[in-house]
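Going in written order, the chains are labelled A, B and C, and every chain counts its residues from 1.
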Amino acid sequence: MSKTAWRLASFAFAALLLALWQFLADRGLVSRVFFPAPSRAFDVLGEWFASGEVWGPLAGTVWRTLAGWLAATVLGVVLGAAIASAAVTRDLFEPTVEFLRPMPSSAMIPPAILLLGLTDGMVVAVVVFGSIWPILLGAIHGFRSVEPRLIELSRALCLGRVHRLWRISLPNALPEIFAGMRVSLAIALIITVVAEMLSSRPGLGQMILLAARAFRSAEIFAGVFMLGALGYLGNLLLERVEAHFLRWRPAVGGT
Amino acid sequence: MTARRILLGLAFPVAFLALWEILARAEVLSNDTFSRISIIVPAGVAALLDGTLLARTAETLGSAILGWAIAAAAGIPLGLLLGLVRPFERLLSATVEALRPVPSAALIPIVLLIYGFSLAMSASVAAFACLWPILIVTTSAVRGIEPRLLEVGRALGFGAVRRIWAFALPAALPGIAVGLRVAFGIAIVVTVTVEIAANPRGLGYAMITAQQSLRAEVMYAYLFWIGLVGWVINVAMVRTERRALRWYWAARSAQ
Amino acid sequence: MTLSPDAALGAAAAPRDRAPIFSFRDVSVRFGATPILDKIGFGVAPEEFVCLVGPSGCGKTTLLRVAAGLIRPQAGEAIFDGRAVERPTPELAIVFQDYSRALLPWRTVAGNVELALEARGAPRAGRAAEVERLLGIIGLSAHAAKFPLQLSGGMQQRVQIARALAQRPRLMLMDEPFGSLDAMTRQSLQDEIARLCKAERQTVVFVTHDLEEAIYLGDRVVALRANPGRVVEIIDIALPRPRDQLTTREHPQFLEYRHRLFHHLRDRL
């Protein structure tokens, strides 16, 4: 079977599962409270878009995630370049980075609330802290692994330090930076949602938490669906951007 | 690990903590929001001595382990199946791609509804978050198996189940082990996140209540403790993985 | 005319009547306690194509890097334009053997050549035209928008050569540039580099371990022995130009040079 045929088949399968859920919900075979029929969730979505009440929270979640993630990217790349530049800086900072890496970034939310209150700034700050690690590590590794021959070339061409960083080290580190960016985006979305839940900032996180408290399960699923869609779209866009910047790479043996 | 590198590695954290203490004493850093190292450490020790620190830690670890185990129990067999039987993987691709980008935090309201405040709540979210890395890593580990190996199994007349158990699983084990290790880190992070967001159990809850009752020193004590626990577990898992695989390889070559 | 090893060691001057634009004077290099090069001395006249040949480990690659200013010798010096070479300068262009690692994989062919122009600080306006001209000379115009990893080995090496030419170097240093290529590509590139350098009136120091390549390409061949690297013979190549892969290699003089150098190199293995 061709690739597109399989694609269609997998969509059909997913639709089948959805239909099964619908069937079970309609018959009352699963608790209507916990697992509302998909049709009800879609109804809610329809209402939300029709009344426009979803745009505000959606925009809120999106901009907070993006702001934090972009800031984390810039910071991660700059710090990564700095740390990678000398053995001394590596020895100074890599242990700390290694220690902080497994730290749950949501654990920074309570201190952030203490410092910054229940504000958008708090959310973005925590997103930055949480999503910087994959990018930072990718950047450090990417900047360190420059082909020695290219370093020699940059010396032979008398490229200044800045030129070398910009023209050689950075493009060389891009593949690893992008890999880190992809992981970071997923993390950023999660932290935004959690921070929104805690801080009651208007966003999708807050929406679904309120829906849970009011036992409006269809709304929860509608919100979860939107968050899933956001995650999916974000990743897709990033992959496209990455494919453009890394189009020079030879095609690896595909599956 | 030369003495120089150890010293350099400790230099930054020590300087950071010292600076914190100095600035806090000088009241440059507000003691209400930042507290002082000299107060934070005794608060932590007190929590340790009266048993709350360890009790909270046990709650967090319990949820994390449970969620991780569930994800492994579901993800490894499913991964084996998807890796070995291509049509299944293709059929399920849309479903997996739709579910994977859902931020695990988004499930908090749903499981809150279903399980209320409980061990099961944290464990379910952790299980969801761990499932995807385990599934993907297992699938790709199985795909990477030398095809010759499986042919040998078929040639020897082994049935499908036997082939999986005796050939596919052992060959994929190193890859699966890495996935399990990474997933456990995720389990801890997600559990703490759920505790901070909603569930009144464990270390995350201890942090957020300390913040809400404005006991900054307790909050920071738990923050450092979480960092320490996360790091220790990470190091322990890396070592265990290495040792376990060494034993494994030795046993295989002895066969 | 050949110089005996002793005479060659003492003389930093080129055997032609023109003053050398580049010379090595008693260059010695050590890596730690191991001597790599010992009192290397010879000169390169303008527009001359000098081939450096020797067995593996004789330090010819190291010598080239000394010439490029990438390595400082422990004793002696490389002299360019009357001054000692202490650091790299754009007027000395080096072409590496491992072309795939010396090109920027994320830049197109044109982009890679342009790198030399950027490094030189050439004004933006004229860059595209210059790149186009160089790609035309080297025969890569059709591939300007391709990425290095999409090209064959021979083409990648040509990109490197084009980049070196973009530096407008007074001296081109080539480190076994054709060593990683198959025989046919090597031969066609040999002819191309010979034609190119004569047309552009380029001065070249060309390192190779291939004796016949050295004789085929060179106006002069400097033979090194190994452990440590020392000049054993310098031979003027009096073969007619332009050289031809078939006829030149069968020329009796070619064979005589080959004999002479072969013995020197073999003795020292």
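Here, a residue touches a chain if its C-beta (ideal position, glycine included) is under 8 Å from a C-beta of that chain, and two chains touch if they have at least 3 such contacts.
These numbers were taken from a predicted model, which means no experiment stands behind them.
K.L.:
Give the chain pair that accounts for the most C-beta pairs in contact.
P.N.:
Going pair by pair, the biggest contact count turns up for A-B.
K.L.:
So which chain is the furthest away from chain A, centre to centre on CA atoms?
P.N.:
Chain C.
K.L.:
Give me the ID of the chain with the smallest distance between its Cα centroid and the all-protein Cα centroid.
P.N.:
When every chain is reduced to its C-alpha mean, the one closest to the whole-protein mean is A.
K.L.:
Need the CA-centroid distance for the pair chain B / chain C, whole Å please.
P.N.:
Distance between chain centres: 56 Å.
K.L.:
Per the centroid of Cα atoms for each chain, what is the distance between chain A and chain C, given in Å?
P.N.:
For chain A versus chain C, the centre distance works out to 51 Å.
K.L.:
What is the distance in Å between the mean C-alpha positions of chain A and chain B?
P.N.:
So the centroids are 18 Å from each other.
K.L.:
Can you list the chain A residues touching chain B in their complex?
P.N.:
The contact residues of chain A facing chain B are 6-7, 9-11, 13-14, 17, 33-34, 88, 91-96, 98-111, 113-115, 186, 189-191, 193-194, 197-198, 204-205, 208-209, 211-212, 215, 217, 220-221, 223-224, 227-232, 234-235, 255.
K.L.:
Spell out the part of chain A that touches chain C in their complex, as residue ranges.
P.N.:
147, 149-150, 152-153, 155-159, 163, 167-168, 171-172, 174, 246-250
K.L.:
Which of the residues in chain B end up touching chain A in this complex?
P.N.:
Residues of chain B touching chain A: 4-5, 8-13, 33, 90-95, 97-99, 101-110, 112-114, 143, 185, 188-190, 192-193, 196-198, 204, 207-208, 210-211, 214, 216, 219-220, 223, 226-227, 230-231, 233-234.
K.L.:
Mind pulling up the chain C residues that touch chain A in the complex?
P.N.:
Interface residues on chain C, with respect to chain A: 68-70, 87-90, 92-94, 96, 98, 101-102, 104-108, 115-116, 118-119, 147-150, 167.
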